[in-house]
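Take a look at the structures below.
Each of the two complexes below includes chain A, the first together with chain B, the second together with chain C.
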Partner chain A sequence: MSIEIENVSKRFGAFAALEDVSLSVPSGELVALLGPSGSGKTTLLRIIAGLESVDEGKVLLNGEDASLHDPRHRKVGFVFQHYALFRHMTVFDNVAFGLSVKPKRTRPGKEVIRSKVFDLLKLIQMEHLWDRYPSQLSGGQRQRVALARALAVEPQVLLLDEPFGALDAKVRQELRRWLRQLHDEIHVTSVFVTHDQEEALEVADRIVVMNRGKVEQEGTPSEVYDHPANPFVFDFLGKVNLFHGRIDNGVAQLGGVRLPASGSSSGTDGSAVGYVRSHDIDISRHGSGSDAIAAQVRGVLRVGPLVRVDLLHAGGEQLEVDLSRDAADRLALQVGEQVFVRPRNVRFFVNDYQI
Partner chain B sequence: MRSNDMNSSHYPGVFRVQKAGALAEPLPVRLLLVAGTVLFLTLFLLLPLGALFSEALSKGWQEYRAALLEPDALSAMRLTLVTAVICVPFNLFFGIVASWCTAKFTFPGKSLLVTLIDLPFSVSPVVSGLVYVLVFGQQGWLGPWLQAHDIKIIFAVPGIVLATVFVTFPSVARELIPLMEAQGREEEEAALTLGAGGLQTFFRVTLPNVKWGLLYGVILCNARAMGEFGAVSVVSGHVRGATNTVPLQVEILYNEYNFVAAFAVASVLALLALVSLALKTFTEWKMRQLQKAGA
Partner chain C sequence: MARSLKKSHAAGWGNLPGFAPTMGYTLLCLLVVVLVPLSTLFFKAATLTLDEFVGAVAAPRVLASYRVTFGAALLAAVTNAFFGVIVAWTLVRYRFPGRRILDALVDLPFALPTAVAGITLAGIFASNGWLGKVLEPLGVKVAFTPVGIWLAMVFIGLPFVVRTVQPVLQEFDREAEEAAACLGGNRWQICTRVVFPLMFPAVLTGFTLAFARAVGEYGSIVFIAGNMPMVSEITPLLIITKLEQYDYAGATAVAVVMLLVSFMLLLVLNLLQKWSRRYAEQ
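Here is the complex of A and B:
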């Protein structure tokens, strides 16, 4: 089932939680809603599920106006940020709930429900815990029960609100792979909320970046990562370094280095800011003021597989550069020494944006 | 059970206090505090209770039995039971409805409603009784109309029931509202997205989640309904064998210097109180267990 969101706005009192949001999710895709806290991700998800009304605009499910359907008939499975398991029911009863509340005509028999629930419990690898209460489960187990409960009614859309939010990094990684696999098996249109860009980049078919109730960019993971539409998206999807400079006749001046400003977001000349990812900067001991920027090493830190180098360049700004261990070992940088940095991949934005 | 922090963060509003290990007072202080409490309880609670039963039984079992089986006493017990049997289900129903509305939905005037629910507990029961006389009494607003239709409320059983319903009204709602508010709306929303209707959600999700709190409210409501004196006294008219509840009967007997009978009938109320206390303790214990389990 496809989801179409057309010019939706939502206010809580005077506060605009969503402003003119439009979005389309083709049937069978796994889409990540990515954005900082308070950007309206949960609100958007709740609107799709029908748990929240819209002030303006509309939501189409399979091309049909969703407001014509009661939330209970939308066939939308919702996995809540805090699981919202029924605390007085066992794992089995939680998963069986959606089937057992069906009207008599369409309700499957007890045995059918039983086997279906156990199939799902097998899927989430929890058959042996079927008679536990939610309070007797770990966070990751609760999470999986919440997912199984939502899947039991065979929803046409699956909405997951920070499904891995409360889990530690390792379990998170396992579950996100598992979610991807599950999605590849059952192909239900899914939207999941996260504020972890790595998670979104790894799992999703498409990413929707939100900020302050607006959609900043929508696209495949490589589109949003490699071609961020604006400084916010650039900043949100990974570490960046800023170089302040000027653009004149299509050529950028950054601290003495001249670069073709092809990546400029607008053709106008004037002061500009170059955005460079921390892994898109080369460091060397040799260079001149015209093809590289002089900088001083302030710190060298080993972080897992990478080495993070803190620098202060001639323009007086901080830089953070990630090197592979190999490259760092070859350079053997010393704190305090003078080096030259060359940005490889620069994106220019003319209007300085502020967070 | 499992770790504290997980439980309390998962279920907002349910917090547990750590066992006071480091906070323990020195032994003499503790002994003094415990001794003081025990002394106080003995003096003010156990002693009167003992006095009550010893006075009731001072002329032996025969007299005690006779006092309880006396027609007026029996009629008073019957009336008290009838009142409770009408009042408790009524308040149970409206208590649930009122707390469901206020805890799970937002609407204008909600805080006013919550305040109103508490009203009967904040005015003196005598005043509540008087208000009923003012409304339903012969000289009251509805008096002439009621008289014309030959309906008797004041100085009759309906008045007693009405007054009791009024003074006990908050007992269920007051228990449920904080509990339901603490539990939030997410489980109901989950039920909704899973296709459950309003009533299904209520009976299968909301109600089971508050059942112990509900039982607690019912016990309190029942205890108050059976023991209510002030409001009932005003509207009853004290017709022996007809409009006297147990507490009123006790007062009458006492005023007639019939101490053995007065205390015998009073002992019924005291026993009732003890049973309520036991049930209340049990439900409190059960609720704590559930909180501990984070459920």
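Here is the complex of A and C:
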């Protein structure tokens, strides 16, 4: 089932949670709503589910105006961040709930419900825990039960509100890989909310980046990561270094070096900011050419597979560079030493946009 | 340090400090306030022979008073459980002008001297009172009948249910209701299968407290009950009557029976309470 959101606005008192948001989710896709807290992503999800009403605009589910239906007729499965399991019911009863509250005419028989629930429990690898209460399960297990419960009614849309937000890092990674596989199997149109860019990049077919109640950019993970539409998206997806300078006649002056400003977002001249990802900066001891910027090493920190180097460049700005272990070992950088940095893939945004 | 940890582990009491003084205080408190006074009841009652004891506690008039007391208390607790939940629901789920005042009113039965409550209720429901005037022509007699006893018990017991259910409703996980709605549950199914079962332990606690309070109530009931032997005489009143006749042993014998019955009922209610919360974390 496809989802169309047309010019939706929503206010809570004086706070505008959503401002004129339009979005379309084609049938069968797994879409991530990514943004910082307060960006309106959860509100948007709750509006799709019918748990929140819109002030303006429309939500179409399969081309049909959804405002005609309350949540229980929308055929959406909703998975909450804190699971929202029925804690007085066993795992089995939780998963069976959606089937057992169906009107008598369409309610499957007891045996059918039983076999269906056990199929789902098998899917989440928890058949042996069918008679446990939620309080006896771990966080990851609870979230899987919540997912099975939502899937039991065969929803046409699956909505997940920060589904892995309350889990620890390891379980989170396992579960999101599992969610991706599950989606590849059952192909139900899914929207999940997250503030974790890594999660969005890893799991989603498409990412919708939101900020302050508006959609900043929409696209595939590589589109939004490699071609951020604006400084906010650049900054929000991954670590970024800023070079403040000017653009004159297509040439950027940054920290004493001149770079061709081919990556400028607009052709205009003026003060500009160059954005470079932390892994798009080379460090060397020899400064040759006009594109090398002198810098001083301020700190070297090994973080798992990467080595993070803090630098202060000649323009007086902080830089953070991620090197692979190999590259770092070859350089053997010492704190306090003078080096040259060479940014690759600089994107320029002329200063009319403040972040 | 290591040794003390090991030691307390061996004792099986974990290693939260302060166990000895707090447990000591708890025991002392229960001993002085509850156990010693109550045990003298048993000693006093034990001065009777078995025949005298049975004669004192199983006389027809006494048996009738048990029925009136426990029957009315149960009915009152059921009534309170029902209306208390509605009051708590209204106070928690809706926002309306005057809500705070209404909220404060709930506690009044706690604070009011019970005699005042009894006299007021009797005044209102007497055949020439405000409400009595209206009800009497309809054939409903409240004051000076067992109905009056029930009414007084409802009055003094209401805050217990409201005050135990209210916090549970306030803390209630609204997402569980939303989840149920997304799964296709209608309003009625959500209430009966999600909201009420989760509220039940609190309602049961409120019910138990209201019941215990009603069984022990004396002050307000004697003014409205009429106190007719065999009809509207409650056991606490009977005990007072016996005391006034200097039948101390007889009075304590009846008190002992009342105590035991109350204890048994409270025990059953507590077990039920435990069962109703079987899903909670240990």
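One rule holds for everything that comes next: the second predicted complex is superposed on the first by the 349 of 355 C-alpha atoms of A that agree within 3 Å, B and C clash if a C-alpha of one lies under 4 Å from a C-alpha of the other, contacts with A are read in each partner's own complex, and residues count from 1 in each chain.
Here is the rule we use: a residue touches a chain if its C-beta (ideal position, glycine included) is under 8 Å from a C-beta of that chain, and two chains touch if they have at least 3 such contacts.
Remember, it's a predicted structure, so these values are computed and weren't measured experimentally.
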item	value
Superposed partners chain B and chain C on chain A - clash or fit	clash
Partner chain in contact with A:Phe97 - chain B first, chain C second, else both or neither	both
First (chain B), second (chain C), both or neither touched by A:His88	both
Partner chain in contact with A:Pro71 - chain B first, chain C second, else both or neither	both
Touched partner set for A:Pro26, first chain B, second chain C, both or neither	neither
Partner chain in contact with A:Gly139 - chain B first, chain C second, else both or neither	first
Touching both chain B and chain C, residues of chain A	49, 51, 71-74, 76-78, 80, 82, 84-88, 97-98, 101-102, 133-136, 149-150, 152-153
Sites on chain C touched by chain A in the complex	173, 175-176, 178-186, 189, 193-194, 197-198, 278-281
Sites on chain B touched by chain A in the complex	1-2, 6-7, 10-11, 186-187, 189-197, 200, 204-205, 208-209, 293-295
Of chain A, residues touching chain B in the complex	49, 51, 71-74, 76-78, 80, 82-88, 97-98, 101-102, 133-136, 139, 149-150, 152-153
Of chain A, residues touching chain C in the complex	49, 51, 70-74, 76-78, 80, 82, 84-89, 97-98, 101-102, 133-136, 146, 149-150, 152-153
